[in-house]
Each structure stands twice: as C-alpha cells, then as structure tokens.
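For reference, chains read A, B, C, D and E in written order, and residue numbers begin at 1 within each chain.
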Amino acid sequence: MTGWLPPEAWSAVALSLKVSLWATLCSLPLGVFTAYALARWRFPGRGLVNGLVHLPLILPPVVTGYILLLSMGPQGPLGGPLAQIGVVFAFRWTGAALAAGIMAFPLMVRAIRLSIEAVDPKLEQAAATLGAPRLWVFASVTLPMILPGVIAGAILAFAKAMGEFGATITFVSNIPGQTQTLPSAIYAFLQVPGGEAAAVKLVLVSVAVAMGALLLSEVIGRRVARRVAGI
Amino acid sequence: MTGWLPPEAWSAVALSLKVSLWATLCSLPLGVFTAYALARWRFPGRGLVNGLVHLPLILPPVVTGYILLLSMGPQGPLGGPLAQIGVVFAFRWTGAALAAGIMAFPLMVRAIRLSIEAVDPKLEQAAATLGAPRLWVFASVTLPMILPGVIAGAILAFAKAMGEFGATITFVSNIPGQTQTLPSAIYAFLQVPGGEAAAVKLVLVSVAVAMGALLLSEVIGRRVARRVAGI
Amino acid sequence: GEGRLTVFAAASMKNAMDEIAAGYEAETGNVVDVSLAGSSALARQIQQGAPADIFISANTDWMDRLEAEGLINADSRFDLLGNAIVLVAAKGAAPVDIGPDMDLAARLNGGRLAMALVEAVPAGIYGKASLEALGQWDSVAPMVAQADNVRAALALVAVGAAPMGIVYASDAVAEPRVDVVGTFPADSHPPIVYPAAKLSSSDNPLDAGFLAYLRGAEARAAFERQGFAVLAQE
Amino acid sequence: MTVSVRLQHSFGGFGLDVAFEAPAGITVLFGRSGSGKTTIINAVAGLLTPDAGRIAIDGWVMLDTEARVALPVHRRRLGYIFQDARLFPHLSVRQNLLFGQFFAPKSAPRADMGRVVEMLGIGPLLARRPAMLSGGERQRVAIGRALLAAPRLILADEPLAALDEARKAEILPYFERLRDEVSVPILYVSHAPAEVARLATTVVALEGGRVTGQGPAMQILGDPNLMPTGVRDAGALLQAVVVRHHDDGLSELSAGGVPLFVPRVPHPTGASLRLRIAASEVILSRARPEGLSALNILPGVVEAIREGEGPGAMVSLDTPAGRVLARLTRRSVTAMDLRVGVACHAIVKTVAIAPENVS
Amino acid sequence: MTVSVRLQHSFGGFGLDVAFEAPAGITVLFGRSGSGKTTIINAVAGLLTPDAGRIAIDGWVMLDTEARVALPVHRRRLGYIFQDARLFPHLSVRQNLLFGQFFAPKSAPRADMGRVVEMLGIGPLLARRPAMLSGGERQRVAIGRALLAAPRLILADEPLAALDEARKAEILPYFERLRDEVSVPILYVSHAPAEVARLATTVVALEGGRVTGQGPAMQILGDPNLMPTGVRDAGALLQAVVVRHHDDGLSELSAGGVPLFVPRVPHPTGASLRLRIAASEVILSRARPEGLSALNILPGVVEAIREGEGPGAMVSLDTPAGRVLARLTRRSVTAMDLRVGVACHAIVKTVAIAPENVS
C-alpha cells in the first residue's frame, strides 16, 4: 500500500484530511451562526454580510489566497497582531485550514441556512413560552431540528476543503509535511515530466475520500432527519 | 472609464460575462433535470450520479481542466467526434463556457434540488388527475413552483462561473479576445512584479458583477416566491 | 547534524530538487523541505515574510525585485541554472529549422501554438521575445494559446490539442508524446537564468552548505538529467 | 353511466376487499376513520395500484389486474376534488379552471366554462390567485376545475372536512347542483351523517375494509344496523313536496300527506326535496299532543324497537311520510309501554329540521 | 390570582381595545372568527407587543406600555397550550414534559410530574416521540408540558379546534380537571358554545375587537343579547346536583328541585354539575304534557320573548332550575298565545342533553 504512492504523497493525504477536518469543525459554529443570522435576522448590512460570505465562491481562488497572504501573513494587518498573541496561520497547516475553511464557508452557510429557513418558528416560540431564553431555545430546539442540514453542510464543506488548491498554495505555500495538501501535491506532480501517474493516483485518493464523505452525508442526513422527525 | 483599465481588460470583462451567461443558460435545463432526478427518482446509480455532479466541487480545478482537455480536446474521445459534427470547444469561448458550466454545475443542482424537494407532490398528483401527462405536469406545475430556487441556482452558478479560472485556462488556454476571461487576466497580472494595481481593478470589477448578481438573485428570488405563492 | 532547511523553488524544478534534497539529506543528515510553486507566488510569499531560507526563481525579474527590497542576501545570489526554449510537436514531426526564414504560422496550418502566458510567465516571455527577434511574432500571435504555466502548454501539445508549442528544453526532455523539433537560438531571447539566493531573514546555519551543494557535482548531474544547463561553477 | 369497482388490497395491518356499483348521481362512501375510503378513492384515481381488482365505467376499463390493464392517472379522465382544494397557487382562478381542458379529448362532452362559473358563483374571482380566496371559495373553484376537465367520473375525498360549519353550508348546495344537473357519476367520501343524508343518491357503507351495506340512500340511512358510526347519528330520510311559502318565514311541506313546517326553503312550490330527521331529535307521544310549540307531528305505528347497550333504545315508526327513527331511553319505552304495532306520534321541532338537512 | 388585561392595538383594518379581568378558573375568550381572540392571547404571551396596554397577574406586571415594562416571552412564566400542540418532535414525551422545568424558578410551586402524568393518563406514552401519538394524546401531552412549566398563567388558543369530535370528548375532561384542581388562572380561546358552556368559569365575549360582555359563565351564556355567534347557538346553563344513579343507565339530577334524567354521569351522588340546554332543543307546552317519551319537563313562567329577523323567536322561561331559553317559530308563539307572565313547560329530551353539555 505504502509503495503505491511515495511517502510524501501519503503525508499530503494525511495533512489534507487533518486540514479539511479542522477547517470544517472550526468553521462550523461560525457557519451555523452566520446562517442563522442571515435566515432569521433583519439587520442593516445583511446584504453585505451575505455578499462577503459568498466572496470566496466568486473570486478566483488565487485572489482569495493573496488577500489572505496580505492580511493574515506575518506582516499583514491581522497576521501581525495575531502572531503577537501566538496565533500564526502563515505557512502553517493552520493557515491551510483557514484557507480551506474560508473557501468552503459559502457552501456550508448555504446548506445550513436553507435548513434553518425550513424550521417552523412556532416551535421556537413554544419553547420561549415555556421559559427558555433565546440561546437555550436555539440549542435545544433549533439546533437539533437543523442537524441534518448542518451535517450536509459540514460534509460538503469537508469535500470542498479536500479539493481546495489555489487559495491554499498562494497563502501558505507548498511545504511538504507542513502545508503540502493533496491538491498541492497533485499540482507539483503535474509541473514536471513524468509526474502524471502519481498525480492520477492522488486524484483517485482525493475523489475516494470526498465521495465517501458525500455518501456518508446523504446516509447520515437521512437517518438524522428521521430521528429528528421522531419516526 | 475605458482609460481606467486597458482595453484588453475590458474585452476580458465582456468575454467573462458572455461565457458565464452562456454557461449558466445552457447548463440550466440539464441542471433542472438532474436536480429533479436526484430529488424525485429512485434509480440504481443515483449515488453515482450525485457523486459525479459533485466531482468538480471536490477536485482541484486544474484536474477538472485536464480531464476536459483529455476528453473534449480535438483528439479526445468526445472532442474528436463532436468536431466532426461542427461542435468545437477547444480554444473557443464555448470551451470556456463549458468549463465554467461544469464547475458551477454542482452549486446549481444543489440549489434547485432543495427547491424541488420542497414542492408538495400532491399538487403534481392533482395535475395528473386532471389529465396532464408527466412532462406537462412538470412544465406547468413543478417548474413554476421551483422558479425561485432555479433563479437562485442560476445566479449562484453565474457568480461561480465569473470566478472560474483553473479549469478554464487548463482546458482552453488564454487567448485574448477569445478565451481570456477575467480570472485569467487577473492571474496574468499577478504573475509579474508590479501587476497588482491592474489585478486589483479587475478583481473589483469581478466582485461588483458577482455581488450584483447575488443581490439580484435575493431580490428576484423573493419577488418570484411571492408571485408563485400568489400573495 | 539534524538541521532543517526550507527551500522555495520554482515548480518546474521538482524532479531535480527531489533528487538533490534526497542526496543532501543522505550526505548531511539534515532535512530539506522544498516548497514548489510558481515563482511569482513564492516571491510574494517571501515579500510577506515567508519562513524560507533559500529561494530559487525561474526568472530574474522576481529575484531582482526581492533583491531591490533587501529581502535576499545579494552576496549569496548566483545564477544556478540556464535553460533553452524549444519548439515541440507531436511525436514524429519533422524538425524545423528555427530562424527568420521559417514560416511558423504556415507550419501551424491553422492549429494553435501552445505557450505559457506571453506577458506573465517566464517561458512565455522568452518565447515571445524569440519569435519577435525572428520576425515571426506578428504572424503567429493570433494562433498562440497561452497556458498558465509551461507544463500546461506542454500538455496541450502532448494531448494533441495544439500541433506545436514552445517550452523549456527541461520540460520536453521526459515527455514521450512529443518531440523537440527545434531549439531557439540563445541570442534570440534574454538569457534564461534560474538565480538562487539566501533570504536576508534566514539565519539558518545550513544555508551556505546547501547553496554549495547546489553547485556540487551531484546536483549538477541531477539538473542535467532533467535537461537544465548548469551555469553555476563549483 | 355506472362505475363498477372491485378491489382487493392489503397494507400491513389492513385488508381492503370491496365491490360496489356507483350509478349516476352521488355515491357516498361512508364509514368511520380507517375504514378504507381514501384507499378506494386513490385506487380509482390511479394514485395507488391495488393488489387485485377491476374498475370500469360502463364498459371502459381503467384497471383490470387480471388483464394487466392499468391506465395511468392522467388517462383516467377524472375530476378529483381534494379535501384541501389543492389549487395551483401560481395560477389564477381562471387558469386553474382551464387546466384540465387541454387534456380532455376533443370529442368529450365539454362542460361550458360560463355555465360552471355561473353555477358555482365564482365569476368575480376569475382573476384572483388562490391565496386570495376564502376556504369556501377555494373549494368551489376546485369543484369547477374538476368539472371542466370533462371527467367521466368525479371523485371527492371529504371535500368539506377542512371547512368550518359556515363554509360547509356554503358549499353543500353546489354539490347538490352537481348531483342534479350533471350526469357524471360522483364518488364522494364522507363520515358526516348530515352530509351523507343531504347528498347521497347511493350509499356504500364501509367498515374495516368491507362493504357492510350498499343501496339507495333512503334505505341505508334508515337502517340503524347499517349505520357504521353508531346509533347516535342515525336518522331517517323523508321525501317531501313544497306546498306553500307562508308569510311568517316558514315553508309548508307535505310528506306523504303529513304537513311539515320548515324555515323558508328556496325551492318553488311543487318541488320535491329530502328531509333528514335525526333519531335523537324525535320525541314520541302515545296521545296526539296538543298545545306544543313543536309544529311537526307525524302519526305512525311502531315497527320495531332495538335496545342498545346503554340506556337508549331505537324505535322505528311507520308513518305516512315514511319510516321515522326515534332514539329514546329504555325508561321511556317502558313508561310509555311501547311495543311493535302500537300507534303513536313523532314530535319534531320545526327548527330542529335544520337547513342542512333539507335538500 | 387574578389576571388583569388592558390592551389597545391596531392592525391595518382592525382595532383592538379591550379590558377585562380573569379570575382563577377558566376565563373563556369567546367570539367569532376575527374578533381578536388570538391577538389578545399573543399579547399576553409576549409574542406580540401591543400599541398600548397593561397586563398583570395580581401585582406582578408583565407589560405596561406607559411604564415601558415588557417582559420578554421567556420571563412571563406561561403555559401556552397551542391549537396544534407544537410538541418538540425530536424529544420524547418525557423530555417534552420536562422542558419547562429547567426554567421555572426554584421557589415556584412545582407541579408534580407524577401527578400530572397520572391526571392526564399519559404514563404509557412517556418514552414515545410525538410523531407516534394520536391527536388527542398529543394535546394531552401539550397540556402536561404547559402545567409542568410551573406557570402563573395558562393560555390556550382553541386547543381543541384541530381535533375531531371523538378527540375533543377525550380532552375536555382534562381541562375540567385543570379548572377544578389547579389554582392557576386559565385564559381559554374558543368559539364553540358547547365548549364554552362546559368549561368557562368566566366568559369574556368579544366582537370586532371590543368586549361586549364579561362575567360569570351562567350569566353571559344565558343572555341571548350577548351571544356573539347568534341565537342559533344560544342555550341556558343550569346548575344541578346528582341525586341517584339508576339501573337503567340513567342518572337522576336535581336542578332547583326539578328532577332531570341524563345518561349515566361519572360523578358521585351529591356532586354538583352544570347542564347546558340548547335553546333550539327545547319544546314548550302550555299544559303539562303527558305520555311523552321526553323525561325532562321544567315548569316555568315566560320571562321575555324576543323576535328575530327570521321566522324564529327566543323565549326566556323562568323555572325553579334557573333560566331556560327556548327557540320557537313565531307561528308557535302566536298559536300558543305565549306572553310574558304566562306559565308553561319546557320539554327537553333526555338524550338531547348530550354528554358534552353535562359537566
């Protein structure tokens, strides 16, 4: 098995899994919050927030990567201060996770937002009349009901994160073992003569992982939906 | 105004609009069909189709571009025969549209599928009892009801198409006036020292167009939804 | 030792750098991490404070820019590699006599000439310069398909999408589906130079050793196997 | 036209096995919840394929599982009126009404849009969207939509169940008109006895997936043994003729020669109509009662007495107007010494004959 | 505990301006569709902020627009029982029941889970999900959930409207128990007269956003002028005591000394209960009628006669049992020569006093 791909490739696979997993998990709470705000609140600047969320979908990924590099790099207006308090993204796997998370964010928010819009506000009102404060209503009523949507959104984001390349390589470079994700490795193999075979293998691994995640999301989503509906 | 950006840049803007528009319009029928099939039919291979549809979301765009090049290029197993009947994608803006359409397809299908799943099959049954054959039921009942979702899906796809770079340049290269889209132009400017200023301007144009489309989709979507609900 | 070193190198050097890194690691016990990406992406990352120790660029422009900004140690800079640009065509194609007399546009016969971006990517810039010098550019320009990098241009020829392309000699060397049908005269374009240098921000004690190793015999052999001309003297 | 239906189907715990004929007019499928009414209607509509069965209108076979015939839904030429109207929300009332016309064969006897609109009183609504209609209006449009599809059979599955009493009262007359003016057979599902009494030409009584009785409405509804919803809802149907309209707001009817007074009915003198007299609203008296506020007194002879489990008893009285049912306490039966063959009087309050029961 | 409510609010075309007091027991907000019942309940719940008003329980102010006090919904300590139950589908019955307990202040008099479960008969359902419950069971759980939130006020907006008759009959006794066993005031919205008659301690009659009458149930329901849904639904309430249970399935009651027979009630001898006698079901007779199947005859004196627009008239009779209303035709009034002060008898069929009207 290990002979099938060079060891660095395996380490890229492992790193991509780690990066995508963290990207998904860490952006999930913010994704749920953003989706909730967009679905339920009317506030000035709502259109702007919606636009910002979609920006990574719209911009060429390389541009998103440059924006990240400029703002979150060691000399960036955000990266500098953050580094002072020990939070470093630039040229770390954490940065790869940040880039992947941002690129996947619009997909996650869309999926979750739709499921929130499908929740009957009457149930939330019922919870409030029973004395539950707003946050508790969210945690005990809204969240369980949107779980299928959250899972679908998370897994879609995970799949997207597994494939993210342009923003990642632009922001955190392509350092083996640290920031070389599966797509970066595929890119590197494609840049030199004779690299295609290895690239194809990596593509297959990548497709297998992402497809597995998608299938999982359909199955889990359906099961959780049934559990939530109490059937 | 024209002085603000070099004329080639404006032609890239125009081309990107054309490519994205055609990509969206041409993939729309197939997107609706695929979404309908995934939402309503249970058939063997449904999981596979769902996976295939999502593939461009998951793969690094360059890989999608290579796959297109291999299959739809002049010597490709599909491109060759198609060329015989006069359908050529390679190095044409049509190819750019194809690449953009494929990359945007999963987003479009996801949005439409959700809106189809929200249509009450009972209305479709009612139409059937009145004598409407299946296709007519779709055209006269289902389609009007999902119009908001279709519009949302189409505009999301358009925005995504505006930003598509990797697959497009890999498949159809960058021929000014023919296949040089906005993201290709941005990429080119970013490759040379000092190109940032022009790149930033193009990014702004691209963001403005995509944001406009998104805002439009929210507005139209809401209006059409109200019209369909008959309120 | 068990030191660690980070090298930012142009992506087109991957095969050679893999070999060299392995050789260096075997010899010294130190680990080399090679980050491969487009020269422009790497240069920008360096501008933004990337924690690299050594940069090898595929062109002099970005290295010049970094030097001007004081980001590289000018004393350590040297021209590591040279390359040639060649005309490639599908396997078995007849050779072309590259010169002012060739009618490249006619040879294309309506097909495309695959190149890297002619205004942005070094191989494309060199190719365009050569074609201009040979008086071919104006007739060929409308047929040029510009890829985002050399490898993509080569792929266009390899899969038959374009009948001919202009790429580095180093790229053409191992692509079985294409033949080199001509080499552009070195004087028809600015010198193709891959400069290497140590970053000013790096205080890695291994820098000097690795730069020396790049000039060494093993490195030279590896580069030459990949079709590069080695400019650096030991 | 007669629809003949024979069906067998089983769901997990439920088995359906029915056969009945629905002649022209309204055939009500009557039975309590879960007795299989919707299952039958859906099978007729083609929305459900039964395990076995045959459905035909005059010779035209829509389903024959043995002959492997099963027309798809859209070929069955139905007008299905749903409980919840199911109008198309994105179409105007006019477009909803016209929806089925495209698909009706050119040769089909085409219902006239103008007449249907007139009959249902929906002229002023044509340009509106369904969301702008009241529940009652919506249901009327649904009736019109079904009619205009030129159906060979109309299906209605509890079309009034979702409406409140006022709305029901608004719609019922339209179904009566349908029954009386349109020749298409109507299969109508209901479990409201008053509705059945008012509308049914034929009743098919269902219980647990079996037909427990079928026949003309008068016969089935007057038979307390067949009434599946229990004696509390039993009642008799009487046929009456309008004799005169009085100035004090009452109409005088004659049922087999017995004068009956009801609040003014819209029918002209001489018109024939049906009255329902709920068994629970009849008081019996051995002597002819005098000086009572109740205006309607039917003399008769006790035909049968059935005692139930509770304190009640059901007395059938043979009167010149027809059979009348009275639900009494057993204590009263004893106190009045009621026996088969005894003469007595049925007292019915004028206003107890509520408008819904006059048809 | 008394809830005092004063509210002013206007929607586009509709203006609400009400003030009423709801003492312990069930205060029914009674009025036709669109009269503002739900608007009031929502304002009390805090789901709607009215233009002006004050809502307080004993001195505890939940809303005072002048003092700019408006407790958020979750601080109002309510038990809101919705028309559609609104159970949390993802939680078991037990978890639904316990939902409100977390938020009740420790000091609040805590309803005992065991007792509530016992009272509502939902013990066997605790582990199920709401999707697995029948409509009636679901509504019972909703009642329990509201009770267990230790509310200071229970709100119920047509909690039975979505249920069919059988389910209604199943739930009504639980509301009676609530009224009789729990000291928390209950605001109950309804437009079903039978429900009002059975449950109400106090009635607030609404019409077009105004209070047209408020007071003890007996008083309001016996007043045909105040009954907003029209005379057809009018009826009198009588207070009665259980005298004896007879072997033939009847219970003998005494209303002011007049014996009345109803189908066996579950109450013990000596228990006090309420009867509703619908005006449309009463027959009057000048002479004491003999030999009738109807067992219940109340002697009385005509107190008032009101003639409506139609053929009907409403006669109030003063009987030892209390005021009884009878709806007759004007023809009968003339024929019987009924005038104020005339003695006559009200005849009510035993079985016409349906169980829903016995409380």
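Definition applied: a residue touches a chain if its C-beta (ideal position, glycine included) is under 8 Å from a C-beta of that chain, and two chains touch if they have at least 3 such contacts.
According to UniProt, the chain labels map to these proteins: A, B = Molybdenum transport system permease; D, E = Molybdenum ABC transporter ATP-binding protein.
Everything quoted here is computed from the prediction, not taken from an experiment.
Common partners of chain A and chain B, by the touch rule above, are C. Common neighbours of chain A and chain C under the contact definition above: B. Steps from chain C to chain E, taking the shortest chain of touch contacts, total 2.
The chain with its Cα centre farthest from the Cα centre of chain B is E.
Taking each chain's centre as the mean of its C-alpha atoms, chain B lies 35 Å from chain C.
Chain centres here are Cα means. That of chain B falls 60 Å from that of chain E.
Our note on geometry: chain A versus chain E, Cα centroid distance of 56 Å, whole angstroms.
For chain D, no residue reaches two or more other chains under the stated contact definition. Not a single residue position of chain C touches two or more of the other chains.
Looking at chain A, residues 66, 187, 190 sit in touch with two or more other chains. Across the assembly, chains come into contact as A-B, A-C, A-E, B-C, B-D, D-E. Note for the complex: chain B touches chain D at residues 122-123, 125-134, 136-137, 140-141, 144-145, 227-231. Against chain A, in their complex, chain B makes its touches with residues 47, 50-51, 54-55, 57-63, 66, 107, 110-111, 114, 118, 156, 159-160, 162-166, 183, 186-187, 190, 199, 203, 206-207, 210-211, 214-215, 218.
The residues of chain D lying in touch with chain B in their complex are 45-47, 72-80, 82, 84, 86, 88-91, 99-100, 102-104, 129-132, 145-146, 149, 155. Of all residues in chain D, those touching chain E in their complex are 33, 164, 246, 248-250, 261, 263-264, 280-281, 283-287, 289-295, 310-312, 326-333, 336, 347, 349-352. Chain B meets chain C in the complex at residues 66, 69-70, 73-76, 90-91, 169-170, 172-175, 179, 184, 187-193, 195.
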